[in-house]
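Below, chain A partners chain B and then partners chain C, in two separate complexes.
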Partner chain A sequence: MDFLLQLLANGLVNGTFYALSALGLTLIFGLMRVVNFAHGELYMVGGLIGWALTELVGANFFLALLIVVIATGAAGYLIDRWLIERVRNQGAESGILLTIGISIFLTNTALLIVGTVPHKVLSPFANKPLFLGPVVLTQSRLSIVAICAVLMLAVHLLIKHTTLGRAMRATVQDAMAASLVGIRTERIHGFTFALGTALASAAGALLGSIYVTQPTIGGLVSLKAFVVVILGGLGSFAGAIIGGLVLGVAEALWGGYFATGYVDAIGFALVIVMLLVRPYGLFSVKSERA
Partner chain B sequence: MSMLLELTGIEAAYGKLKALHGVSFSVAQAEIVALLGANGAGKSTTLRVISGLMKASAGNVVFNGKPIANLRPDLILKLGIAHCPEERHVWPEMTVEENLRLGGYTCSSKTELEQRLEKVVQPFARLRERYRQLAGTLSGGEQQMLAIARALMSSPRLLLLDEPSLGLAPRITQELLDIFRQLRDGGMTIVLVEQNVHNALSVASRAYVFETGRVVAEDTAKSLLGNPDLLRAYLGG
Partner chain C sequence: MRKTCLGIAASVVMAATAAQAQETIKIGLIQPLTGSVAYNGKTDVNGATLAVDMRNAKGGVMGKKIDLVVEDGQCRPAESVNAAEKLIQRDKVVALAGAFCSSATLAVMPVAANYKIPLITGVSSNASLTEKGNKYFFRATETDELLAKSFAKVVFDTLKLRNVAYIGVNDDWGRGGVAEFEKQMTALGAKTVMKEYFEHGTTDFYTLLTKLKSSGADGAFVAAETQDGSIFVKQKAEFGLPVKVFGVGSWATADFIKLTGDASEGLYAAVPYASTMTTPKNKAFVDAYVERFKEPPGKYSAAGFNSLNIMMDAIERAGSTDAEKIRESLTKTNYEGPNGHFQFDAKGQATGFSVVLVQLQKGVPNVIATTTVEH
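Let's turn to the complex of A and B:
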């Protein structure tokens, strides 16, 4: 019983990390209809900037996180206005090709600058164990989970309850109507991509303090994020969170009771089952969709 | 009579296909003017040019003494022109309230926004009952009312209405026409595009008849209504 509780706790912690890692991907699809194949690379960039700031510059972890969010958010805005803008409304394929191009560029630029060595973001949280009844978790993981939760709540409130969030949803649901009420839709697209980018890189910086970051991890991160959003329903905010938790718990249980070696295959097994029984994901709620 | 809106020689095209070949007309303050014409005559395109959704390749639009042709839609809206488009275009996955609040997107004062909300839903009791309902689940008539109320949330001086009665039951249509009269009596200027000539002429003071991207006739509603032969000649109906 205690073992099961421990596995569940581990699974929920990892699941929260998965959820945050996938949120940017699902938002960019849900609010812009762009399938962002550079998602994992944006995560990687966040992790590497976080590492450079905390390790090389000696900056405070939270300051580093703030800088990552602002810098990559600004970069995301420019990527949208300069690049994505050119392929808008030209079908999914051009967006996919463009973001694949961006991902290749980011990976190789990162390789040129920092090489292949894995790096870690320095956080103020100790690796000290915390005993919660029969369950043991590290202080660092619990702290990062708390920050993830705050971030996810903040993004939810932004999208549901602010004028900017309403403008984002209006723009994806009917861009012409959005123009007619005075929304400058091209800017809103830019802000939405900035938000998705900032979220991806914030996840990279946060989780870079738990796992390692290196220029080539983008592909793996994207893969897991796609598993999460396909489980939860591409474009759904709640779906990303549930999908992340489901994946985390399933992996933990499988790893605990069966073979640790096949943990990464669990996600794909879940995706295959999901595509067979509920091809639109657990949450085909269309809250963020047109 | 000085004119609130004046179009002269407007030309516009979708790609290579020219849709307007020099459209000119004018609308006075607190007047309802109908734009009539067969399908594809260019009525909607004309409204799109006025509200800035489409660029004019030639010609002038003057609103309240200011040239506004080819300004950005948000700037034209801020000058006081609201465009309620064909087929409603409400945001289906947002609530009635969210649709309305976004209608006041350019309004920066919170108290002002609440006042507008209060005023705008006044004639549309059904909308108030459905504040929390998703717009996509409303009936056609309710969606049309929402689209009009949303346009009014910008507190416009000039309202462009594109086929507001399309697909609505006659009773609802009459309700809407009454609301247009009330708005005009309150000082609003309205350009009304309509397929149903008799409905349009029952509220408008004047009408322009469009044919393949041109204005081919202009007359008062009274004389058009009193001259069925003329109507038939222009509109085939």
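Let's turn to the complex of A and C:
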């Protein structure tokens, strides 16, 4: 019983982290119809900036997080206005090729600047074991889970209950109609990509304090994020959260009761089943499209 | 990236060629300078460069300067073969060293044999390489099998491990290491209580640690490289597990210790080289290395240093840059390196050098036991 409880706790914590690292991907797809293959690399950039600020500059963790969000948000806005803008409405392929190009550029630029050594973001939370009955957790994991929850709630409120959020949703539903009622759709696209980028790099900086971060980490992050969003439904916010938790718990139980060696396969097995049974994922957002 | 790198490498090579007089002896070195093990490849190149520079400062080999030509093999078979072809055909090197990953070295071996160019590796540890019957290939490091044979007894006697958990990265090296250690430890009387593998790049070991906790192991054997190993060790400390950890891979390096911090306290690691080894040769090597590169040498720095020294010694003894004579001369190697004595058997496998069991204490790998690699 204790064994199962510990596995569930591990799975839920990991699931939250998976959800967080997939949010930016699902948001950009849901609100822009862009499949962002540079997602994992934006995560990596966030982690490395977080490391540089906390370790090299000596900045406070939360200040570093804020700087990461603002800096990468601004960069995301510019990426959209300067690059994605040029391939908008030219089919999915050009967007995919563009973001793959961005991902290669980011990885290799990071390799040139910081090299290949893994780094860690310094956080103020303790890594000592914390015993909750039979279950072991750490203060840092619990704190990051709490910060994840706050971030998710904030983004949810932003999209559902602010003028900017309404404009984002209007733009993806029908860009022409949105611009007829006075929404500057070009800027809204920029803001949406900025939000997705900021979320990806915030996840990188937060999780960089639990795990490590390095220039070549992007591919793995993207892979898991794609599993999560396909499970939950591409573009669905609630889907990403549920998809993340399902993946986390499934991996923990599989690893605990069978073998940890093939744990990465379980996510893809789930994806295959999901595509056969519910091709649009647990929370389909198909109805939202015009 | 690849193009840029090759471009830079090419221009460096050209500049070097132009600057040097005609009378140099060229040795080619293939290491991963980009990709996931680029950091480790770079330290190997540093060690090799130091060996060459020290030799040139003393007048070189046969009165000629040695010119080390470095190519990026990316730890991939195809790129490493391209690098070898380029070094042999364009640069006309007389000998090769490399290519880090066993799979890459395996791909370069037939190229070397084809052109009759001697090839030495200081890193690739897959036991099968020296079983290929390639007479131009020499290995100046331990194999996974020899390491397990040399250490199982030390671990059993010194650390008194009886209920052992085996954890390895899910590739040929990790699985090979686990299989070999388990065999040796079981023969000594230890009981296997758990055997698990994890993927390269795993970020979360809590599931594995939960299993380790309930397995009742008093010690865990872990085969992992810097990144995976450091995360495992940190999370084990977070988990509050009192299980002794005994690792193979690059565990006693400065980066590993920096990444793990306090969590590395008390860890045991089996390594073919530690900068704290006490031989006089090692002291001189560490001093020169620290002065040049501002950090203590790791196992791959020593590997690069040894490989190049063994090759240069062989050329000196051969008294010629004729490949066949260098090969002949390599078989008679009798080299004293920072980590002991090297000589080759009929298959080109080195024996006679030391491997050490270290314990990390306050961020320093202290040598607990030294043993010599024999057949």
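By definition in this document, the second predicted complex is superposed on the first by the 284 of 290 C-alpha atoms of A that agree within 3 Å, B and C clash if a C-alpha of one lies under 4 Å from a C-alpha of the other, contacts with A are read in each partner's own complex, and residues count from 1 in each chain.
Note that in this section contacts are C-beta pairs under 8 Å (C-beta built on N, C-alpha and C of every residue); 3 or more make two chains touch, one makes a residue touch a chain.
As the structure is a computational prediction, the values presented were derived from the model and not from experiment.
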First (chain B), second (chain C), both or neither touched by A:Asn127: second
Which superposed partner A:Ser94 touches (first chain B, second chain C, both, neither): neither
First (chain B), second (chain C), both or neither touched by A:Arg166: first
Touched partner set for A:Val181, first chain B, second chain C, both or neither: first
First (chain B), second (chain C), both or neither touched by A:Asn14: second
Which partner, chain B or chain C, touches more chain A residues: C
Chain B-touching residues of chain A, taken from the complex the two chains share: 163, 166-167, 169-170, 173-174, 176-184, 286-290
Complex contact set, residues of chain B against chain A: 51, 53, 72-74, 77-78, 82-83, 85, 89-94, 98, 101-106, 150-151, 153-154
Chain C residues within the chain A interface of the complex: 1, 34-39, 170, 196-199, 201, 203-204, 206-208, 210-211, 213-214, 226-227, 230-231, 234, 237-240, 255, 259, 263
Footprint of chain C on chain A - complex, ascending: 2-3, 6-7, 10-11, 13-14, 17, 104, 108, 111, 115-118, 120, 127-129, 131, 136, 138, 140-141, 207, 211-212, 214, 216-217, 220, 251-252, 255-256, 259-261, 263-264
